[in-house]
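Below: a set of structures, written as structure tokens.
Below, chain A partners chain B and then partners chain C, in two separate complexes.
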Partner chain A sequence: MRKLLNTLYVSSQGAYLRKEGETVVVEVGGEKKLQLPIHTISSIVCFGNVMCSPFLMGFCAERSVAISFLSERGAFLASARGAVSGNVLLRREHYRKADDADSSLSIAINIVKAKLSNSLAVIHRAIRDHGAKINVNLLKDAANKIKRLIKTLSDAKDLDEVRGYEGEGSYEYFAVFDQLILEQKEDFVFNGRNRRPPLDNVNATLSFAYVILSHDLRSALESVGLDPQVGFLHRDRSGRHSLALDMMEEFRSVIADRLVLSLINRRQIAKKEFAKSASGAVTISDSGRKTILTEYQNRKQEEIFHPYIDEKVKIGQLFFIQANLLARHIRGDIDGYPPFFWR
Partner chain B sequence: MRESEADPILISALQHAMFCERQYALIHLEQIWEENRFTAEGRVLHERVHTEHKESRRLFRQEYDMSARSPKLGLVGKCDLVEIWLDPKTKQPVRVNPVEFKRGRKKANDVDRVQLCAQALCLEETFNLPIDAGEFYYLQERRRVGANIDDSLRARTIALIDKIRAINISRKTPIAIYDKKKCDRCSLIDFCMPKYAAKSVNRYMRYQTAKTLES
Partner chain C sequence: MTVLITYDVAISTEGGAKRLRRISKACANYGQRVQFSVFECALEPAQWVKLKSALEKIIDHKSDSLRYYYLGANCKNRIEHIGAKPSIDIDAPLII
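Let's turn to the complex of A and B:
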């Protein structure tokens, strides 16, 4: 399996990134802080006021290293990339399948099945590990409702129906999510998902975790030549990376949510990292974001068994594998899209 | 315009198709390219070849890195070296000898011979001269070895070109067939995923769903 490369996250305000030979140099206040060979990184994510020289951008494009520019809080602003990937046959087939109701439906059903199954895995793990401390009946009840939805999904007639089951499943899952927070409960209260802006510490952390996850999926999709804007489950909307959002569904709970839960439950992140503005929007401090990013990068190095490809792989490789499996399905190599099931 | 003119086949692509038709399609139809040790070594060698000097005498010319094409076969590419002998009276070419550079001291294999033959086919058309032999030059040994371009080699090369054209026209990437010896050293294995082509996704979904429901 191809090597798992690192993502370079730059959050120091006023940092300047430039090319030096075959390396990327990060300067802060005119001082060289970091120098990395290009072949060790797969993408660069810049938060806020971070500048890149045009030569570095061209160099990265040439080496298929994605550069994304996000606001300081993590909202997507722009990305720099080189010439569009050459695989026009794949892109055309991708659009045809996205326009075709049956093809989209079967891909969407598989994605949502895996999504619900994986959120079930998070609930089951909590029951197994912390059964004594939590309301097991509540969790089992939610689990059973989600199972029923998974069963019904196979018979979904159209995408709206699939979206409906997905929505119900997410609702059931987030209805018991507060149960999974075991420590610092007074500082991390969860009363359902809210975003744009997030209104509490848990939602702020979740939103940030989803942003970094979606960046990885977008660059994985681009690296195999798919168009991240054209989704199957999510409808096209200008400026939205619908396919990246589709692919995220399998991973949200098991990668992002579990990351957030363990940061809170292991007290790696605390109340002092959050600030509430007059509007009620909650923001995370620089050091808080750094903690999340570091832990996320550590997670990506962990190994996990992939039931379809029947191999142990690093979590960080899953995004490329899934993007490529989708591309292979679109090109007709395999009879469906096999999503990732967490066991 | 005929398909062969609109969409010429690269001589360098013949080696991909000969190694594996799917590899050819992934590189040339789907434009996937992953560099590994083998391709990197090849590129380094090429840079060396192209810095070689040129030589020219009155009735003998050496053209390094010469473009070659055959409109008839729809083939284009480069020859590492082409040697041309001129007639003393007419100053027209009377003999043409393609020389293909190879790293190391290894004997030429079939892939190399097909590539040399394709060059010869192009040069025959350009110079309107029969070419029944070429040479391989081994950089490490600094030694030349002759190679016959006989009828069976020609037939194989043309069959391969036809096969490639058929893939180009169909725009279909041939399905993967896992071959440990070949696949494990192929730089495209992570994109190709040869082990999973025959694996049913429907069965996988049924199994995984059942497993979730009984959890």
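Let's turn to the complex of A and C:
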């Protein structure tokens, strides 16, 4: 099993990243803050005004280390990648499958099934752990509705139908999401999902968690030679990493949402980390983002059993494993795409 | 695995300063400098073979010395740090 390598997050404003020998050097205010051998990291994420030398970018492209540039608030700006390489046959087959309605449909159904079943896992866990404190009937009701959707999903005839079930499923899930917030309820009120910009503390945290998750999936897909822009469930749109978004569906609830919930419920993040601008958009402070990133990185080190490959793996490795399984399905080595079902 | 590399280079000999510089650069490519002539390198066996042969080509075997300490995979329990210049944990979240 490939070793889970670390991600370097640079959020110091005015930082400058450059190459020195085989290492990445981070300078802040002309002072060397960190020097790391390139083989210890798998990707770099820059927040806000962070500069990278072109030589470092070229070096990272050569070593397939992904670099993403995000705004200070965490909105995606750009990513750097080197010359297109890898397996051209795999990529061609990927495009053919994406153009073919039946193949796209079967992959999309599997992904949405996993997404809904994983949101169920989050709800079930809340019932199990905190049944005394929350409105169990409401949660059970939503869980039953989602269960029914999963059953009907197998009979979906086209992608629009799948998208419809997915929308309904996430609506049911987010309708009870507020119930899963157990602590600091007055500061973290959730009334449905909103974004661009997020209008409350919970949505701001969720959006930020999704951005870092999508960076990880994009680099996992690139590392197995798939084109992260060509999706099955999400349609092509210039600049959008549709396939990364597809793959994210499996992990949103169990990785990002659970992360957000535990940050709030364990009081690791508090009201003072959030600010509301005149337009109503909510932003997260530097220290708040640091807390989220630290917790996210820690979570990726936790181990979990992967039923399909029958092995214990780190959560951070799941992205690579799923990308690999998708590539194997596209190549024709396995009949269907086996998504990851959380237990 | 983690290897601790320490070295002594006789800088008074001819080309000593150059060897010292080249040794420290080679080590920095694979690990982190924890003290002036001490590097902790977390690497794969193949990388270790590469680094080792690079280092042994640089030094002058008559006047310089290299010492390797093999700390294995569970090195964290075997390392304790006191005082200035704490090392960074490359498995922990890296946020600058």
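Criterion: the second predicted complex is superposed on the first by the 343 of 343 C-alpha atoms of A that agree within 3 Å, B and C clash if a C-alpha of one lies under 4 Å from a C-alpha of the other, contacts with A are read in each partner's own complex, and residues count from 1 in each chain.
Keep this in mind: contacts are C-beta pairs under 8 Å (C-beta built on N, C-alpha and C of every residue); 3 or more make two chains touch, one makes a residue touch a chain.
Since the structure is predicted, the reported quantities are computational estimates derived from the model, not experimental observations.
Of the two partner chains placed by superposition, only chain B is touched by A:335; chain C is not. Applying the stated contact rule after C-alpha superposition, one finds that A:37 touches chain C and leaves chain B untouched.
Touch criterion met: A:298 reaches chain C, while chain B stays clear of it.
Looking at the superposed arrangement, the partner reaching more residues of chain A, out of chain B and chain C, is B. Touch criterion met: A:7 reaches chain C, while chain B stays clear of it. Against chain B, the residues of chain A that register as touching in their complex are 1-2, 85-87, 89-90, 110, 113-114, 117, 120-121, 124, 147, 150-151, 154, 224-225, 307-310, 320, 324-325, 328-329, 331-338, 341, 343.
Within the complex, the chain A residues that touch chain C are 3, 6-12, 15, 20-23, 26, 28, 33-37, 39-41, 290, 293-294, 296-298, 301.
By the touch rule above, chain C contacts chain A in their complex via residues 25, 28-33, 41-44, 47, 88, 90-96.
Residues of chain B that touch chain A in their complex: 29-32, 34, 171-173, 175-176, 190-191, 193, 195-197, 199-202, 204-205, 208-209, 211-213, 215.
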